[in-house]
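Have a look at the structure below before the remarks.
Order of writing sets the labels: A, B, C and D. Residues in every chain begin at 1.
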Amino acid sequence: MSFSSIKQTVGYGDTVLLHVGYDNMLPMIVTKGMTHQTKFGALRHDSVVGKKFGTRIQCPKGWIYILHPTPELWTLSLPHRTQILYTTDISMVVFQLDLQPGSVVAEAGTGSGSLSHAILRTILPTGHLHTYEFHKERAEKAKEEFHQHGHSGCVTVTHRDVCGEGFQLDHIVDAVFLDLPKPWECVTSAKKAMKKQGGRLCSFSPCIEQVQRTCEELSAQNFSDIVTMECLARHFNIQYAKLQNLSFESSASESTADKETSNRESYSEPPVKSASATLSSSRHKEVKRGGSDSGSHNFPSAVPALNMPGHTGFLTFATLTCH
Amino acid sequence: MEPQLINEGDQVVFHREGWSRVFQIRKKRQVYLDKTKLDVDSLIGQPYGSTFEVDRGKLVKIEKDASQALSICESSSSPGTDNRNLLDLDSNQRMSKEDIMKMKDEGITGQKIIEELIENSETFKKKTEFSQAKYLKKKTKKHIPVFTVMRPTPRLILEIFSKDPSKICYLRADSLSQLLSYSNVMHGSKVALVETCQGLVLSCLLQRCGDAGKIVQLIPNSTNAICRQVMDYLGFGKFKENVYTFPLDELSSLNDASCSSNARTEVSQTKATEPCNVRPAAAPVEGEQNVTEGSEPDAQTEETADPDSNSSPYVEEQDRNEAAEDDNIKAEEPRGEEDVVMDDTKAERDAKTGDKRSLGPNREAQRQRREARQQEAGVIIKEKQFDSLVIACKYNPMPILLKMLEFMRPSSSVVVYCQYLEPLVECYTSVKENHAGLQLKLSETWFREYQILPQRTHPKINMSGTGGFLLTFITSQRSTDSKKL
Amino acid sequence: MSFSSIKQTVGYGDTVLLHVGYDNMLPMIVTKGMTHQTKFGALRHDSVVGKKFGTRIQCPKGWIYILHPTPELWTLSLPHRTQILYTTDISMVVFQLDLQPGSVVAEAGTGSGSLSHAILRTILPTGHLHTYEFHKERAEKAKEEFHQHGHSGCVTVTHRDVCGEGFQLDHIVDAVFLDLPKPWECVTSAKKAMKKQGGRLCSFSPCIEQVQRTCEELSAQNFSDIVTMECLARHFNIQYAKLQNLSFESSASESTADKETSNRESYSEPPVKSASATLSSSRHKEVKRGGSDSGSHNFPSAVPALNMPGHTGFLTFATLTCH
Amino acid sequence: MEPQLINEGDQVVFHREGWSRVFQIRKKRQVYLDKTKLDVDSLIGQPYGSTFEVDRGKLVKIEKDASQALSICESSSSPGTDNRNLLDLDSNQRMSKEDIMKMKDEGITGQKIIEELIENSETFKKKTEFSQAKYLKKKTKKHIPVFTVMRPTPRLILEIFSKDPSKICYLRADSLSQLLSYSNVMHGSKVALVETCQGLVLSCLLQRCGDAGKIVQLIPNSTNAICRQVMDYLGFGKFKENVYTFPLDELSSLNDASCSSNARTEVSQTKATEPCNVRPAAAPVEGEQNVTEGSEPDAQTEETADPDSNSSPYVEEQDRNEAAEDDNIKAEEPRGEEDVVMDDTKAERDAKTGDKRSLGPNREAQRQRREARQQEAGVIIKEKQFDSLVIACKYNPMPILLKMLEFMRPSSSVVVYCQYLEPLVECYTSVKENHAGLQLKLSETWFREYQILPQRTHPKINMSGTGGFLLTFITSQRSTDSKKL
């Protein structure tokens, strides 16, 4: 129940996220009498009930935090049934579709529900999400998850292939999201689903050929402001970098004692990350020693992650005015 | 479900591809658009989503958009095969700028002007099909001003600032949208906010709160004005009860364990009141004239008239610099247009100035209401139960972040946006050191648009090089222990 | 003559680059008795003869530097006859085509000669560039420029439309560069131009449809390692940024005297860019004052330029093995 | 103009898409490739550009590349329409890993294995055409090792390091290529260079110098080894006369106005000689065995055996850390392969160790030659007529840059590459302050590859997030005034 509203303490039936480490987060449905195995050992569900979200729990071999679920954390920990959208794209979709509490949205396909959760968070409590999935088991699994997460009242999951069978909605939605192999086939049906006063549409496609056909179809069906974009998250690793300073004095002219002192100085500096106050003072120390001593130049550095997503998909947005 | 109609008093967006302006519809009001004075009376009663062409100061509703004109022209000529024998010379066009201006003054339509331009071009017929299309698109945009009238949304409001992103700390759609996601603000959220983005972030968060939730906007101090322009654009009068204001320089008094409500009131009363811009858009406060031109254009950083309240020469200097910058920007724009956008400013300022010199009974009541609201905000802050903290401002974020973390509950969502990377590196390091956050991420977004056209598909030739940087994390239990920070 | 080898001093007939400002660089052919008008006033050509490259010249209203030409500076200052390639793409082309002194290269079209100069710099003195331009005046202008720049011996400019008429070269080149509207039409001719032992080919196209057809044709003609890429330069503006530190103490509890001191301190700091030594010490000053005083946080910042090229073209490279 | 043939002694590149390895061809030599031991004798006499398939330890020349296998498989099945009814389960494949290993051991070809895999897949036939192609490509890459043998070029050498870019300071093709352009190095250039990229930057610059020009590589001090591995790969023996080495810690002695060649010689003679890796690849120096396995794999940072020469414990510590890192990396790779790549190391080391203990007459001659070369380098440096300065190293660039600017002529080209942005910001600020440079630019490159396939065109799913940062400028007159720096 913890997705649809913010709770203070953990209760039975809540989905909580176990934060074991930065890249290790597991969803857990708190169930009476159950035990969950983590890499830090067993966690009894009962032991977290009544605890505040954010609490640190001592497991046999380490700490675990119980976090309140958010769509963003869910995206990082959900069971993958398909390729999923990530928060960079999801954020853009929700923003560009003009969603707000009360919006009615049609989504095809549901996939693993990564986007659905962000949509639901935004349109709650008076909006509604009509979501379609052509894969039967996935549709059922999504339905179950939404129920589990307290979203039942705001979402309708339909097992249907929207390509071909259409949304079968009659002018009731504010926004449509398409993540389909042939989105252009669904534009007519999407248009029919959209309110007479108009609304916004988004199509997500990995290949440029899909985008081309979709844009052509959107244009033919009088959608306007057709804009295609790509957005990629670039993460920074924050490192305490250390670059050796070379000496321009022949070592013959330098006393060994001097050298050792300066080296000891550089060893006394914090070996890893440190607060800015410490950083500044260590930097000051360097200045005192001069810029070209035989020590090292230490600085906090924001290093772009070496590997980053190069492509997720093209996002095409379009406006339908009153029709 | 029927088309919604434009009413008097509505804030409307004039929109064309990648460009938006917002106006409030009032009878007998004229707005400036692209150096042309326009009468907007005719919009009242029209459905939203209608498209209009500007024709000699009048808005003429058209059924199809400008692409129609484009396609007519396109088919009227047979393209050349390549550009090999074309020289780029001014003499290729037999019509002069003066000719064009004269035609415009005579009231000749943009479409007719374009046809004349083609007729008088030495090279148009020899150009390739693609070059012709490119030429037509450029000329259409220049000579046929066509706008669609839309209801304001954060997306369209953001476009208004695309010309001058410094006003909103260089927030771009990708960074603003992620800020909103990672803040996890939803119906009913309790949010602590520090922003200097003209109220844009406040408005977006407020929209996501719906009719529930509470947003406490922390401002530098009670004497500094805050700008919440965007609140008006989005017509947020009705939700204003959700928004509280609290001066950061009074947080320390809240933090005292003994902090009684009396003591707090006392402190507040020694300060000037917060000149709050938030009020129902359609209900002018006393003293405001229905200004259409000639008002003060500077709404960005309003200085109070009281010299005592500006005790810091540094801040004053900064404000002046910004005011000067703003003036520079405005100098490029037609004055009239700015006036309409900023039309509340002079009245506000007049009111403020009066505020200090002699408080009438109305003013006194307002002042008291504000005091009461600030006290309410203080109570919310002291509960330390904020679900979200959002910082997107022109101030150094680290001290603000560390201070505000004292008031967050564990497992709450924190987003710090900054146009510079370096201050967020410091925030990151500090949060990490203090074990104050989980899922700590520092990122920027690479964002590019595409031109999708038959045989001419490619990424857009120009893109934005930066949309700022985001630090996001989830507070952990430790962060509630204020002594560690 | 100053492109084909490095000279120490300016002589008549040399093309020099007048560096008037960061975005203001003009080429000038040093000619006896001539005078050049710059924004800093008149510059007599005779006055620069015999001067060392890099010399600062006093003009009536300001300083001008006379720079030795390089292909990179030429790219920034050349007369545009067409859209040109810039150094980010040019560098990749030269590198990926495996060019080195002695390489023989075919280029179509010549355009404004921006890439040609970089190719020539790399293949000198024993290599040769065969460059083709379908626009007559441009071909002639390019020929004149190459001559002027001392490249005559290493380059042959031909006025011809390679699309249709082909390179008409018989297995003599190591590398081919195509910047043509329909590059796929020239693959056969390019292959024929390439040495029997094989070589490398590059095609530069702005639109993805051109890339698709070109890749298809390259693949059909047994080119291997067909790789398409994009590279965009992102420039940083180095700013000395200043962010106000907010106070959390009610101003009532703070003495005015204190405040003024700290403000004066922040005023005493360098107002613009300063060396790292100065930076470090000013940073240290802040630390002494504490992180949350009413002053400001000053730091050197690398701010990405607000506007950057979003697209220049797709670069497609391919290998032809012995054929 | 006829195809060039592979000769004994050649350095050759084994290449497939996005992947390269370099080997020297010697008779009776075996190399490790993807955990398979290979006999490369059969390559001798084959034309460059030939493609080989690995078949039970033998290289079998094939006429077409692996795409043939792919297309055969592709046409042999009719694709499904979509993935709607597919579940991703391990049980979809009836063949186990053990089955596959067994087939390989039995010498069954990769192509046959793939056919079996398809036959035994529950889901292959139901997959869409695109999914089938993706599956086939993946399996082909895994089970059919096909390589084209190419002559080494900087482009291919760069690919060798793509697996471990830290060895070349994270240089990427875009940053290396721009470094080369902005350095303006050409036939006949005089270049000052500081690099710790395994000789990659040195080799590229040397190639651009052709048979003329001079490159002075500045190294930390005479006691530290430098690694120029890549020089061997590119077979640069014949140009080695263009390359000089000079220790940075002796620059100050050069700078003295009185600096006589005698004084300099004296200083040099008190130091250990520079253990230079540069030598003709095909001519082993005395004492080297024709090692094929079992040699020391660490060629990155060779420590001299003389404890005195390692007077700085700090540097020693750093070297050790790096050595440890290198070991970690190597642990992932098959030992044999490393051995071949590094085959000079042990001999070098043995030679060096011997060097200190008893200098034979040959050693003494070599030492004297090196002394002479260093003196020549000193003369070049003192002329202050460098055309180009290139810095791409793991050291703090600013002190090196400021020092080296003293030796540059005006209007020379300077490129400083660094994997971190921050040190270059400092360099930028310092150069700007000292008015030492014109056209000062600090940049990074956004670099992405594309998949161009019918109906499946899109940017590659993974990209490199950084290729480092470049500072480029042209020295101005002022920079020759060393007192200002």
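By our rule, a contact is a pair of C-beta atoms (placed from the backbone, for glycine too) under 8 Å apart; a residue touches a chain by one contact, two chains touch by 3 or more.
Just so it is clear, the model here is predicted, and its values are computed rather than measured.
Contact tally for A-D versus A-B: the pair with more C-beta pairs in contact is A-B. When the contact pairs of B-C are matched by residue number across C-D, A-D or A-B, over half of them reappear in A-D.
Chain geometry summary: the mean Cα position of chain A and that of chain D are 37 Å apart.
Chain D has its Cα centroid 50 Å from the Cα centroid of chain B.
Chain A and chain B have centres, each the mean of its CA atoms, that are 26 Å apart.
In chain B, the residues that reach two or more other chains under the touch definition are 398, 421-422, 446, 448-449, 457.
Looking at chain A, one finds that residues 208, 230, 234-235, 276, 291, 301-302, 314 touch two or more other chains. Chain C contributes residues 5-6, 8, 19, 22, 25, 52-56, 65-68, 70-73, 76, 87-88, 90-92, 94-96, 98, 100-102, 118, 121-122, 124-126, 171-172, 195-198, 208, 211-212, 215-216, 224-236, 238, 273-276, 279, 300-302, 314, 316, 321-322 to its touches with chain D in the complex. Across the interface of their complex, chain A is touched by residues 82-85, 87, 128, 165, 170, 220-221, 248-253, 267, 270, 311-315, 318, 394-400, 402-403, 419-423, 448-449, 455-466 of chain D. Touching chain B in their complex are the following residues of chain C: 134-135, 137, 161, 181, 206-209, 230, 234-235, 241, 243-253, 256, 259-260, 263, 266-267, 291-292, 294-297, 299, 301-311, 313-314. Interface residues of chain D facing chain C in the complex, by the touch rule stated above, are 1-4, 15, 17, 47-51, 65, 148, 153-155, 173-174, 176-178, 180-182, 184, 186-189, 207-211, 385, 387, 398, 409-413, 421-422, 424-426, 428-430, 432-434, 438-439, 441-450, 452, 454, 457, 474-478.
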